[in-house]
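In the two complexes that follow, chain A is the common piece, with chain B as its partner first and chain C second.
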Partner chain A sequence: MQDQWLTVNQELTLRQRRLLTLGSFLLPLAIWCMLSYVPFIWHPMVEVEDKGSVSYFKESMLVEKELFYQELEKAQGEERAVPTGTPANPIYLPAPHEVIEALYSAFTTEPIRRNEQWLHESLADSISVILLGFLLSSLIGVPLGILAGTFSAVSRLTEPFIEFFRYLPAPAFGALAVAILGIHEAPKIAIIFIGTFFQQVLVVANTTRKLDPALLEAAMTLGAKRISMLFRVVIPGIASDLYRDMRILLGWAWTYLIVAEMIGSSSGITWFITQQARYKNFDNVFAAILIIGVIGLTTDMILAQLGKRLFPWQRGTKV
Partner chain B sequence: MTHLELPSYLEQSEQVRSRFEKLKARPVLLKVSGLCKEFPSNDGPVSALKDLNFKTYRREFVCVIGPSGCGKSTLIRTLAGLEKQTQGEVLIDGQAVNGPGPDRGMVFQGYTLFPWLTVKRNVMFGLEMTGRSKGEADAEARQWIDLVGLTKFENSYPHQLSGGMKQRVAIARALATQPRILLMDEPFGALDAQTRAKMQNYLLDIWKNIDITILFITHDLDEAIYLADRILVLKAHPGEVQELIEVPVPHPRHAGQLLSPEFLATKARLEELIHPPSEDNVRLNGDHLNMVRMVSIDDAVSEVY
Partner chain C sequence: MSKIKRIWSSMIAAALMAISTQSIAEPLKIGYSDWPGWVAWEVAIEKQWFKEAGVEVEFEWFDYVASMDAFAAGQLDAVTMTNGDALVTGSTGAKNVMILINDYSNGNDMVVAKPGINSVKDLKGKKVGVEIGFVGHLLLLNALEKNGMKESDVELVNVPTNETPQVLASGDVDAIVAWQPNSGMALNLVPGSKRIYSSADEPGLIYDVLAVSPQSLAADRDKWKKVIKVWYRIVDYFKDPKTQNSAIAIMASRVGLTPDEYKEFIGGTKILTKTEAKQFFKKTDGFTSLYGSSKISDDFNIANKVYGKAQNIDDYIDGSLY
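Up next is the complex of A and B:
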């Protein structure tokens, strides 16, 4: 049978899904390659090869295309030596192969100053900040969310204030966090906590409320009382949805990382990125950003697989 | 409608009469007196049940039937303790009902099995809630699963079972705590006709063999007559008892009785009570819609007869 690609609301075959997944990565990569390797697409700069008679040009200098051709025409008109050059992209857009090389060399290049960190050390710092912030937030946020979702009284007491607080941007607390907690790890963890916690309580409470009330009624007719309802019905009943929420929230925590790491003394992967941008090593900057993406995606995929094992009864329904 | 001369549904054979005499001599298990239930709404309270009174004897099978909106579900939910009545009393073995409890088992139309528990753990749930140890609960649950014929599936999860199997698990789960009465809210409503017939026979088998009183809500007249000793017919807006019919079809029941004169007489009476000739029927000229011909005369298939 021929594969159908565009049938409304119908799942594709495994082969089709794999091809499309691959395609979703290849497509942006193809665009990037085109911009980098096809000289007549974009390439707004010219890399000077021979400065000819233009006094202020230098070899391997990047000049804007317009300026280059202006000088070229002027030189031709005055019959001087003409400059030569090849079309190039601005320095902030390195080609794919340069970034791939940087992915390796960024790890092997020794830090320029002795007190600076290797890339893997920066990454380890970042990951520990995220994990600590997220763990701390979950330790309080998840139980509170479940209670708020189960008991109206807890919900009424906590949610209005949390609803208000979640509109306050977490980075706004940066200066305060530094004043209270010092300049090292603590304020960064606090920012991740503030960014995650308030959303987390509301999301978990909503998930808890979505539990089928018929299940609670069934449990009551079977003799379950308050505490056993909570631990034997509510928590196992929402566990799989809760797990999915946590995966999404962990993604959000990453977005707060960059802000958190700029607070106090710059550290972790953000420090690496800003430092490399300062040295104009944009291939390293891209490499670092890619690494964050790869770490995020890999964690999520591992967690998704783990989820399938943890909740065998969910098979058949979409997680 | 039928050309058969039907006997009155009140006529009972000697066997049936003596059975009802014995039944009414049994102790009263459920007594509902003056039960009222009102729901608040924007236009003041709406009465769902009004002054309901009836008695159910031990090991009796009662079906509750009525037009939609007659408060059948409200009644059963109030009996289960999931809704609080506005007035009146529900007594089980002479004890007033106050909130849900394991002395009244409930089976819902939507199965309501715990999807994260296997069949066996689902059945064990009520047993553990009522204080049995894991070992005891395990052994008892196996017996109940065996009773509904699902031993092969005791380690399956609910999503792996068919609708009929799920409902059998739900029945086993409700019976496991050995309630005094089993409340069933249109339990077979979502099943196909064949499965439904099979389930009705399962249920009669179970009922025959254990000490359980059953109150069963349905909107299917055949199902009500086939299963019940007596049928409680409710009237809508507000829900009131219209009649308590003693089903004259002898026990044990079998599919051959579905066309017997007693069965048809009872059905005719129920039809009369539940679907009285209304204005709607009159206006539509009996059972016909006001149709105009919408097929061309010279069409290749111009007539269906």
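Up next is the complex of A and C:
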């Protein structure tokens, strides 16, 4: 049977879905490859090989194409030695193979100094900052959110203030966090916490409110007390939605990582990115960004699979 | 697991420290950042010379501005800064005393102009990208003054120093003021651009120092003397042609460059021997003294409303630990 690709409102076959998923990654990669390896598509610069008679050119210097040909013609006109060069992209767009090389060498470069870390150790630091921030936030945020979603009184008492606070940008608390918590992991965890917590309470409260009222009425009719309502009806009722919220919120916490790690002493993957960017080693910068993307995506996929196991009745819908 | 424990224990330790007044001997906490004269501390850290000298120190690596923030928040006993920024930090509450001169900038800070502009005089009526109120601004005013010009002769565009290379390349300004590695990046990024003025034209405009909090200096004077001793062991190691490459390799690895790449940044930083540094601690006017140079920075900071009240320079300098 011929696969139908563009039928309105119809789910694709497994094979089609897999192909498209692959395609969604291959497409940007293909564009990147074309820009990098096919000289006439973009390559607005020229990398100087031999400076010829142009005094200010240097070997392996990047020069704008227009300027390069101006100097070339000038040299030709005056019958001086002509510069030579090859088309190149600007320094901020390294080619895919350069990024792959950077990725490999970043992990295999042995620390030179005694107090230096392997890249995977810096990454572990970053991940621990995120997880601790997220864990602390969840320990308080989830119970508070459920209570606010269940009891109007809790909602009225907490949510207006939280609504206000969530508009305050977490990075603005950087200097304060350093002053109170020191310069190491604690202020970084605090920033992740501030960035996650307030959204978390509101999201969880909303999810709780969306629980089917019929369930609550039935439980009340059957004589459930407040506590057993909470633990035997509300929490089991929202568990699968709550799980999905947490997945989204964890992604949220990741976006605060770079900002959080800028605070206090330099550490983690952010140190690597900012330092390499400062010296314009963009292949390393791309490699590091790629690592973060892969870690984020992998975690999310594992959590999604886990969700299917935990909440098998949700399999039809998107967990 | 051990990580979580460490964080909790550090939190508890911080809380306890806040409660108890001055308990057991803590290591000296020093914040340092990416400037060749300060990266050189790495040599002693790597070779464990502080241990040998019998002084416990903890070096914390920061971005430059973040290091001054952490010092101002009372999280550090000392921080590496320029003498001008020491005054700025002090004026806003974090008093500090400069006890050691690492180096003076000898060309790493520069005014870079696009092709066609060959001297400071050519800047008349042109746009200059500079981080207003900071050390680059000071360098620019110094360049203008030396050429008989005033600030109003050029149009200033406020640009963060690390973005100056791109701004010069965009063509929106005619010149920028920056220090390494940004100044070198600008020269590479804009073919034909030229360095028309640099800190090498006015040595002593920018000193790079170790500034200590007055409390720590009073409590641990002897320890700081040992720190200064270790510094001159570093200087000897760095200046000795036999060991210089090893020093540069350690420094390069701190900032994530290869030794060859890092060598470019060494020349523009004049690391001072003990005898040379002592000379600059003498109290005279002008750029050949830390006092004179700081006075000029102070005047500059007031003229540009970086802070309102003149600082007492004598409070900021203590050369007696040498």
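Here is the rule we go by: the second predicted complex is superposed on the first by the 311 of 319 C-alpha atoms of A that agree within 3 Å, B and C clash if a C-alpha of one lies under 4 Å from a C-alpha of the other, contacts with A are read in each partner's own complex, and residues count from 1 in each chain.
Criterion: a residue touches a chain if its C-beta (ideal position, glycine included) is under 8 Å from a C-beta of that chain, and two chains touch if they have at least 3 such contacts.
Note that this is a predicted model, so its numbers are computed, not measured.
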Practice prompt. Give one word, clash or fit, describing how chain B and chain C relate on chain A after superposing.
Written response: fit
Item to complete: Kindly classify A:178 by the partners it touches after superposition: chain B alone (first), chain C alone (second), both, or neither?
Response: second
Item to complete: Applying the touch criterion given at the start, work out whether A:14 contacts chain B, chain C, both or neither, answering first, second, both or neither.
Response: neither
Discussion item. After the superposition on A, what does A:132 contact: first (chain B), second (chain C), both or neither?
Written reply: second
Practice prompt. Specify the partner with more touching residues on chain A, choosing between chain B and chain C.
Written response: C
Discussion item. Output check: A:227 vs chain B and chain C. Expected answer is one of first, second, both, neither. What do you get?
Written reply: neither
Practice prompt. Examine A:57 and indicate which partner it touches, taking first as chain B and second as chain C; both and neither are also allowed.
Written response: second
Item to complete: Check the residue A:236 against both partner chains and state whether it touches chain B (first), chain C (second), both, or neither.
Response: first
Practice prompt. Go through the superposed model and pick first if A:311 touches only chain B, second if only chain C, both, or neither.
Written response: first
Practice prompt. May I ask you to decide whether A:115 touches chain B, chain C, both, or neither, giving the answer as first, second, both or neither?
Written response: second
Fill in: Smallest separation of CA atoms, chain C relative to chain B, angstrom
34
Discussion item. Going by the contact definition given at the top, which residues of chain A touch chain B in one complex and chain C in the other?
Written reply: none
Practice prompt. Show which residues of chain A lie in contact with chain B when the two form their complex.
Written response: 212, 214-215, 217-225, 228, 232-233, 236-237, 239-240, 311-317
Worksheet item: Where on chain A does chain C make contact in their complex?
Response: 56-57, 61-64, 67, 91, 112-116, 128, 132, 175, 178-179, 181-186, 189, 262-266, 271-272, 274-276, 278-281
Discussion item. If we count contacts the way the header does, which residues on chain B are in touch with chain A in the complex?
Written reply: 80-82, 99-102, 104-106, 108, 110, 112, 114-117, 125-126, 129-130, 157-159, 173-174, 177, 183
Fill in: Of all residues in chain C, those that touch chain A in their complex
3-4, 7, 10-11, 14, 31, 34, 42, 45-46, 48, 60-63, 66, 69-70, 73-76, 162, 181, 185, 188-189, 191-192, 249-250, 253-257, 261
